[in-house]
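Look at the two complexes coming up: chain A is in both, with chain B in one and chain C in the other.
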Partner chain A sequence: MIVKLFMYLEYPFVRYAIIVGVLIALCSSLLGVTLVLKRFSYIGDGLSHVAFGAMAIATVLKLTNQMVLILPVTILCAVVLLRTGQNAKIKGDAAIAMISVGALAFGYMLMNVFSTSSNLTGDVCSTLFGSTSILTLTKWEVWLCIALSVVVVITFALLYNKIFAVTFDEDFAKAVGTNADAYNLVIAVVIAVIIVLAMNLVGSLLISALVIFPALSAMRLFNSFRKVTLFSAAFSVVCALLGLFISILWGTPVGSTIVTVDVFAFFLCWMVGACLGGIKR
Partner chain B sequence: MALITVKELSLGYDNIEIANNINFSVSQGDYLCIVGENGSGKTTLMKTLLGLKDPLRGQILTGDGLMKNGIGYLPQHTDVQKDFPASVKEIVLSGCQSHCGFKPFYSRKDKELANENMEKMGITHLKGRSYRQLSGGQQQRILLARALCATRKILLLDEPVSGLDPEATYEMYRLIEKLNKENVAVIMISHDIDSALAYATHVLHMGSDVFFGTRAEYLESRLGKRYLETLGGGEIA
Partner chain C sequence: MKRAMILMLTMTMSLLTWGCAETPDNSASSDNLDALYGSSQIAVVTPEGYNVYDKETGEIINDDAESEEYAEADESISEQSADLMGDGTPAFARSTDGVDVDLTALSSTMVYSQVYNMMVTPENFTGKVVKMQGSYSCFYDSTTGNYYYACIIQDATACCSQGIEFILTDDYKYPQDYPTDGDIITVQGVFDTYYEGENMYCTLRNAKLL
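Showing the complex of A and B:
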């Protein structure tokens, strides 16, 4: 089995997939903790649908470099969602639902009307579930992914204390002069970047899983923000690697395999947490 | 000069006024208690003082070396905090964020200040514990230590004893009193009028009539007498 794995690793597209997969898993888990705690778990889903819509437009316009359109549109929506989240007129969850469903419908309609391929359902399915796209990455996309991940990780490390303060108690942070709105904006932009990155790996529909599971699993086991953040990063990377190897060896779809591994690992953490908690009490 | 002077302040949401003509000032060492029925704008006043909301009209002046971000704030609990994985140390340290500016990390001085304030609140032994597993009284002391990291001059307390059992409530009042004796000005919103009046030096009564004065003046005033009577708590005068 190991021999077979090393044989596959000879292929550049497999190596690309592993590099990109691990980086995305790392980035998405970093902000997952904040998102789950801020009750923004579903923003991942909402934004990924927006990214899907943008991708449909890019496909129809026959853009060779789809990122150029997808990234700005998703960032814009992340910012808009965050603004509406603070505005009481349309509450956060309703706004997310609205944009998400709208973008999904719009994207599917565009792809249907201006269909360029004969296998439309297959195309849509692979964009949503990311079944093949991670194995068709170009060198340019891999470098872009590496660069953006580095930016995300550095941003997160530098803003770690501020993110904690703003997430734990936004009013207090504002009262002592921290510009909470600005940091929320940065968080939104970073999330948008991560989601666009993650679309290549797990596809639109499964991005939420990559954001939520590491955070929830870590919260079962650890009690400080630092430990939860570190553990969820490690959890996410290990699960992604495991999922990738399984899917390479047995030919299962990459995205759903990773998420399945995440789900199992979550239940494991849950049980361990319950046992440890039971002993402590 | 007073730390905070409020002149002709009107409060409200979306241009609907909920309280107007509020005038008061707080100086070093004062203990101001804000009382009034629900919906009279107490929390809105607090948020306006903190700069979280803009006033409809009027002015809030700070003086005596108090910066706008130099106010220590003890907010009410939020939903988010119920299951938030954070250690006591991390939370208290986050009170130092105003000293950081654009620096990404806390300095050694910040950490010392956090330790000092944990000591002061008697929570040093809880340092590594998780916030969500502690009792209401312990949580309030943690948030108070955090507020102290942000200020040396003035504390704003929003219902500091709500949801606490009698012992923890007494403990909390005693801590606040101790801080007040150390020359920290206190502004406190409270429903617990008896105890609040037992410690306060000044009272701001909000509602259709606004009253501001010392505790003695309030107990003598028509407004104060009526309010205490409806609450059945006149015996402390």
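Showing the complex of A and C:
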């Protein structure tokens, strides 16, 4: 099996998949901790459906580079959802649900009415579940993912303290003079970028798993924000790699295999955390 | 925290450097073939040797084995191919069973991805002997009046299909020697591309059923 794996690693598209998979897993886990703590776990699902809707419009318009439309639309929706705040008429989860199902239905209807492919069901299924999308990346797409991931990691590293403050106590952060609205905007933009990238790895419907499971698994074992963040990053990368290797060795869909590995690893962390009482700070 | 991030970034960049490193181009590029045979013709490797096709009509034009021109070209190919990859490995060097791209040895996820890759970058596979297994499909196009035969494979969720057309050798007579629609077949042939109108298609030439 190891020999077969090394044989597969000689294929360029497998190496591209590993690179992009690792980067996406890393970026999604970093922001996942913030989203889980701010009770916005389901935003990944909502934004991925918006990205699907934008992708449908881009497909109908026959755009060569669909990112030109998908990224700005997703960023705009992320800003709308995350910046509405306490005084919005339609609050958090309702807004996410409304935009999410609306975009999904609209996108699928557009692709049916203005079909540009002979295998519509296959294209939609592949986008929603990410069965082999990660293994069919071009070099340009890989470099784009790399560039965006580097930006996300650097942003998180430089703004770590502010993100920490805004995550745990936004009112206190505002009271001491932190521009919480600006940092919420940054978080929203970064989340949108990660969601668009993650669609390639696990598909639209399973993105939430990449965001939620690493953070929740880390919280079973650690108490401090720093340790939870670092562990969730390592956890996410390991699970993504393991899921990718299993899928290419045994011929399973990539997206659902990665999420299955995430689920098993979460239960493992839960049991370890329950047995050991958590690793105290 | 910043140190941890920088360490993560450094490791990631190392991974990227390894991953994006160019692998030797194992294909006989069409530039090399064009230089030898001229831009209107293309040489395609077969298990028995080489066939030269007219790019526009797709007809074989090297039937005359005694032609001096092709004898010289054959000799020239042997000399040229000795170092087409720059490391002494002949461009048309094959594994012991004569197959350059064996899709039957890959998992279903890898097969689908590799076939997708072949469709997107056919120039990297032109001239290579390909072996694949899938379900047989026959399609008659009333606009061209031709029958097209393909080997179809599905991805892991079985919702998406990819396929490669194949053209069996003259030893096979239609319909008695051809499979039934939906049969699982193993086919081996030489990967090539051709044009019908403005569209380019991929096919396995001189194919045989195993």
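In this section, the second predicted complex is superposed on the first by the 274 of 281 C-alpha atoms of A that agree within 3 Å, B and C clash if a C-alpha of one lies under 4 Å from a C-alpha of the other, contacts with A are read in each partner's own complex, and residues count from 1 in each chain.
Just so it is clear, a contact is a pair of C-beta atoms (placed from the backbone, for glycine too) under 8 Å apart; a residue touches a chain by one contact, two chains touch by 3 or more.
Fair warning: this is a prediction, and the values are worked out from it, not measured in the lab.
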item: Superposition on chain A - do chain B and chain C clash or fit; value: fit
item: Contacts of A:Gly177 with chain B and chain C, given as first, second, both or neither; value: first
item: Following superposition on chain A: angle at chain A, chain B versus chain C, Cα, nearest 10°; value: 170
item: Contacts of A:Thr136 with chain B and chain C, given as first, second, both or neither; value: second
item: Chain B versus chain C as contact partner of A:Arg226, first or second or both or neither; value: both
item: Contacts of A:Tyr11 with chain B and chain C, given as first, second, both or neither; value: second
item: Broader residue contact with chain A after superposition on the shared chain, chain B or chain C; value: C
item: Partner chain(s) touched by A:Ser247 [first = chain B, second = chain C, both, neither]; value: second
item: Contacts of A:Asp169 with chain B and chain C, given as first, second, both or neither; value: first
item: Partner chain in contact with A:Val211 - chain B first, chain C second, else both or neither; value: neither
item: Touched partner set for A:Phe156, first chain B, second chain C, both or neither; value: second
item: Shortest CA-CA distance between chain B and chain C [superposed frame, angstrom]; value: 9
item: Overlap of the chain B and chain C footprints on chain A, listed as residue numbers; value: 157-158, 160, 226
item: Chain C - residues contacting chain A, complex; value: 1-2, 4-6, 8-9, 12, 15-16, 18-20, 23, 106-110, 112-114, 116-117, 120, 155-157, 159-161
item: Complex contact set, residues of chain B against chain A; value: 47, 50-52, 67-69, 71, 73, 75, 78-81, 83-87, 89-91, 94-95, 97-98, 100, 104-106, 128-130, 132-133, 146-147, 150, 156
item: Contact set on chain A toward chain C in their complex; value: 8, 10-16, 18-19, 22-23, 26, 119, 121-123, 125-126, 129, 131-132, 135-136, 138-139, 142, 146, 149-150, 153-154, 156-158, 160, 226, 229-230, 233, 247-254
item: Contact set on chain A toward chain B in their complex; value: 33, 37-39, 157-162, 164-165, 167-169, 171-178, 218-219, 222-228
